[in-house]
Every structure is written in C-alpha cells, then in structure tokens.
C-alpha cells in the first residue's frame, strides 16, 4: 500500500515536471510554434501504446497456457492502458496535422497502423467487457490478443508501402533536433513510462480484485455457506 | 479379449469452476477396472462436469485426474484413445450416413473399417446404415452414439444418461453392452436417472450433492434408497 | 493417427458434409453474384474508373464471403456437438486445424474465382491478360483470411453473439492481407503508376507463414477448456 501511494505520488510530480518542461523550458520551434509541442506527447504515447499491446500479448499467452486469472487481469490492464495512450496518439495526431498539413487526417503509415491497432485491441476490450465472465470468453479474448499482436508489424509495413516511399513528415524522432528538445523528449518519455507502470498496476489490481471477490465467494462456497 | 489397459482412474482433490462458482469441490474417487460405477445426484449436482473432467474434455481448476500413473492434463492421443464417452448430445454429423459417421470416428481411433458393419448390426442399425443421421429418431441416434463410443473397445467408458431416447429393446442392448465392457475389464461410469434399470448393473455407487461427494462405496442397497439418502439430504456433513 | 492422416480424414469428411449440405456453396455463389452486381451498379463509371475500382471491389467480396463461409462451416459442426467428439478423440489437433483451414480456404477461393471473372466482365476490365498472377494473389490472400478466421471461429463458438462477433474480430486482423491484396492486384493491372508488385507478394507470403505457424502453435490452447 505504502509503495503504491509513493509510486502514484512520484508519477504525479513527474507529470507536473514534464508539463513544465514541455511548456516552460523547451524552446519554441521556429516553424510550427507552440503546436509543435504536441510532438512530445504524441511520440511518447505511441511507444507506450505499443508497450501496452505487447504486454497484453504476453499476458494472453500466459493465460492460455496457465489459465490463471492474474495473467488475464494483467493482459486486460495492459490493453486498457495501451488503448488510452493509443487514443491520445489518435487525438493529438489530427491536432498537429491540421496546422501542419492543413488536413485533419492523412492515411500515413503510423497513424493508420495506430488506428487499426486501436480498433483491434478495442475489440479485445469490448470482448472482455461484454462477452460474459466465462472461461470461454476469456479464452477467445486471449486468442484474439495473440493473433492481433503480430499484426502490429504487418499493418505497419503494409501501410508504409501502400502510401509510397515519400518521406511523409520531417521524421519526428529524427535528426536535427535541438538538444534542449531532445532532453525534454527524454524527460517526458520517463514520465510516460512511470505513468504507464502506475496505471497498469492500478488497473491490474482492480481487475484482479474483482476476481478475488469471486474467489471469496468460492471459498465461502467451499466452507458450505450459501453465498 | 485384450487385457485391460487401465487398472484404475483416480480423482484427487478435484475441483472445477464454472465462471465464479464451483461446479465440483474436492472430489476424491477411485474407479477400478472391471467395475461399473453408478454416478447419481440431483440436477446440477455436478455429474456432467465430473464426466467432462474424466473424459479430459475439461481441465481441472484444482486437483487432478489420474489414469494409472499419468496425469490426465498431460493426456495426449495415447490416453484419449482409451476413452469412450456418450454425452448429452449424440455428437454425430447429420449429413453423413450412420456408416460414414462410424467409419470416420473409427478411423480417428485407429479402428479398421471392417469393424463398422458388425457394430451397426449389434446396435440394430444395420438396415438404416446408409441413411443420413439427420433423419434419425433420438433413439436411433443414441444407438449410433453408443456404437461410436464403444467401437474402439475403450478402457474407460463414460455414459452420461445413456438410456435417453432408447426403447425397451435399446435399453436391453445398452445393458448388454455395459456388461460386456465390464467383462473385458473396462472401467464404466454410468450417470443415470433410470435407477431401476441401472440397479442390476452397478457395482459401486457415487452420489454427488452440490458438487461434493456425498457417498462413495459399494452398491449394498438399492440405488433408489441410496439416492434418497444422500442426494437430497440437507444439513448433513459431507 | 498422424497429423497428415487426421488432416486427410477430417478434410474428406468435411468436404463430404459440405457437398451434401450444398447450402453453403449455393449461398456463397449467390453472395458473390449479388455483391458483384451491387458494386457494379453502385460504383461503375468510365473505363479508367472501373479499372481503379476493380481490385477494391474484388477483395471486398472475397473478404465478406470468406468470413461468411468460415462462420457457417463451423456453426454447423458446433451445433450438433460433433466437434467436441472430434477434439476428444486421439485425432491430431494440428491436423484438425489444417483440415478446417483448407475447407474454408477452398470455399472462399471458390467465391473468389467466381466473383473475379464476373466482376471483370461487369466492369469491363481486361483481367484475362493477367490471369496467373491474379489467381496467385487471390490464393495467398484467401489463405490468409482462412488462417486467421478459422482458429477464431473455433473459439468464438463459446462466446455470446458468436455470429456477430466473428466478423468484428476477423476484419481488423486481416487488414494487411487486404491492403497487400488490393495493392498487388492494382499493380498487376497497371492502374497505379510505378507500383512494384514484389513487396506485396512478400507480405502476403509472410503473413500466411506467420499465421499458419502461429495458428498451429496456439490451437491446442484455444481448443482446451
């Protein structure tokens, strides 16, 4: 409990520091102005999203092989956090695209793959939430997550080739980045990682405790008490 | 007759969850070769779940099922070959004929197609053997299901309410098949509500109540009496 | 029973069942016909427009039909509970999956090979000149749909709303195949300038390999309760 509170506190403070660094410390970009600062959030949310989905993959495999609830809880928690960051990417993308390219959306490789991944793991989340609490439904969800994850790679390649080879944007993580900007990017990435860990832990505990309630009921049943 | 390939099947601290409730709790049983065990219990007591676990269709949530020394969850094809299971549904392909169904399942168990015709004869389906199963009555489908379950001379025979749909001739046939299985050393488990018919067959009795074993032992009293004593009694320690 | 023997036995049995039932084949054929007509009436224009439309329309038909086929074949087997008997038998699980995938693949390819010439005629696209590569692309793509849809159909049978669920799950997963297929077909027909077909073939093949192997690896776990 203590550890959890300390971790949340640290994440909160880190977040404040991060916002401060982005808005008050990092230099304003010459061409795009303040809007460019979305980039710090957008880029970091992207890898956090992928991390969430890959963790979901691991958790789902674990569940399929062991059938222990904690793996499934971990998979669901990771997917939820991944989805959250994915949605951040999909919202910040257009917010940046409008001033930069003049359109809200472009079928460019990264955004399109992100949209599809959010769709796939969104389906996973819907399954977990609405298809019933039974083992069969959890098995299906786990199977879906396992099948969806290799797709991250395929979709990315497919969309990149589909939209041609032209360098879509000044590569966001690319060269020519001001050292202060790079430092800010690094700082925010640490913040995001901290946030990721904290959120997954919290969601995991919530889902796992839901199952614990079920377990308590089961223990009462074992003792012969009608619950 | 070949020697029995299983000398015993044991359930050890076996539990199975269904969603968040226990369908079976802490079941400990030993089933021995050459004996017929009647599995009794009220509706919902866990009989079909236990059958599912014994047939390896279901994985235990806790505990284990042992086939001699092998753990059933490690069950590979080798172990599954020893099991014959008649469940609630006939589990047959409606578009195929009786013969085709039996030939298909026989081939999966490594049984040569020459055994099919005699078995169809045995269960009284010789004349219907080239008719599509979709047109079969419940009783005919049940006979075919029996043939399917027994064609490979399994060492563990699991019959879940096998008398369903059978006319008196069919019931006699079933009794004969069970006796035959016992004689060749198989382990037979029979779930039934037809207590009168099963009375003569059962060597041992297991009564389930609310997922637990309420009684397990030799059939030294009529099944009817045992059922009444254990399946529905309330407020008694298990 | 070895893997191959299981595969052969199950496939023969399934083929026999499907041919006797006939409803799936007929439904799919009608489906291909109707969709082709709908797309033609809905979208067709001048010759250039038609050539641009052709790949997308064709692959859309193949996708829908493929998913329909997968759902139906499995629903029939599950309805009578025979699948439980199949899984409970000593039959090799990988062989069962391979047989089911092959069945769905064959049905979907049947639709594709029906829809392609039909659509080509309706849209007045000269696809005949590129017959071989087109068939190759369709084959690989349809295989991809089957490799993803079949294992999921097997597990979906347990969940609620299984019929509605399956397309919802399968469509996003086969997006790479769709993109690769449409792009490859477009490149073959020459509707997109400067398009190199090579990478698309690679993607189709890679997808099939990954999901073919992956499906086999995970099937045992998907099927055990």
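Which chain is which? They are A, B and C, in the order written, and residues in each are numbered from 1.
What we mean here is this: a contact is a pair of C-beta atoms (placed from the backbone, for glycine too) under 8 Å apart; a residue touches a chain by one contact, two chains touch by 3 or more.
Note that the structure is predicted; figures quoted are calculated from it, not measured.
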Checklist entry - Which chain's C-alpha centroid is most distant from that of chain A? => result B
Next on the checklist: Based on mean C-alpha positions, which chain is nearest the centroid of every protein C-alpha shown?
Outcome noted: C
Next on the checklist: Need the CA-centroid distance for the pair chain A / chain B, whole Å please.
Outcome noted: 49
Checklist outcome for this item: Distance in whole angstrom between the CA centres of chain A and chain C is 31
Checklist entry - For chain B and chain C, what's the span in angstrom between their mean Cα positions? => result 39
Item to check | chain B residues counted as touching two or more neighbouring chains | outcome: 59
Checklist outcome for this item: Residue ranges of chain A touching at least 2 other chains are 132, 134-135
Checklist entry - Listing for chain C: what residues touch at least two other chains? => result 225
Checklist outcome for this item: In the complex, the residues of chain A that touch chain C are 64-65, 116, 119-120, 123, 127, 131-132, 134-137, 139-140, 143-144, 146-148, 150-151, 154-155, 157-159, 161-162
Item to check | chain C residues touching chain B - in the complex, by the definition given at the top | outcome: 1, 6, 9, 13, 16-17, 20-21, 77, 80-82, 84-92, 224-225
Checklist entry - Which residues of chain B touch chain A in the complex? => result 17-22, 25-26, 59, 61, 238
Checklist outcome for this item: The answer for chain A against chain B in the complex is residues 67, 132-135, 214-215, 217-218, 221-222, 224
Next on the checklist: Please output the residues of chain B touching chain C within their complex, sorted ascending.
Outcome noted: 52, 55-59, 77-78, 80-81, 83, 85, 87, 89-96, 100, 104-105, 107-110, 132, 148
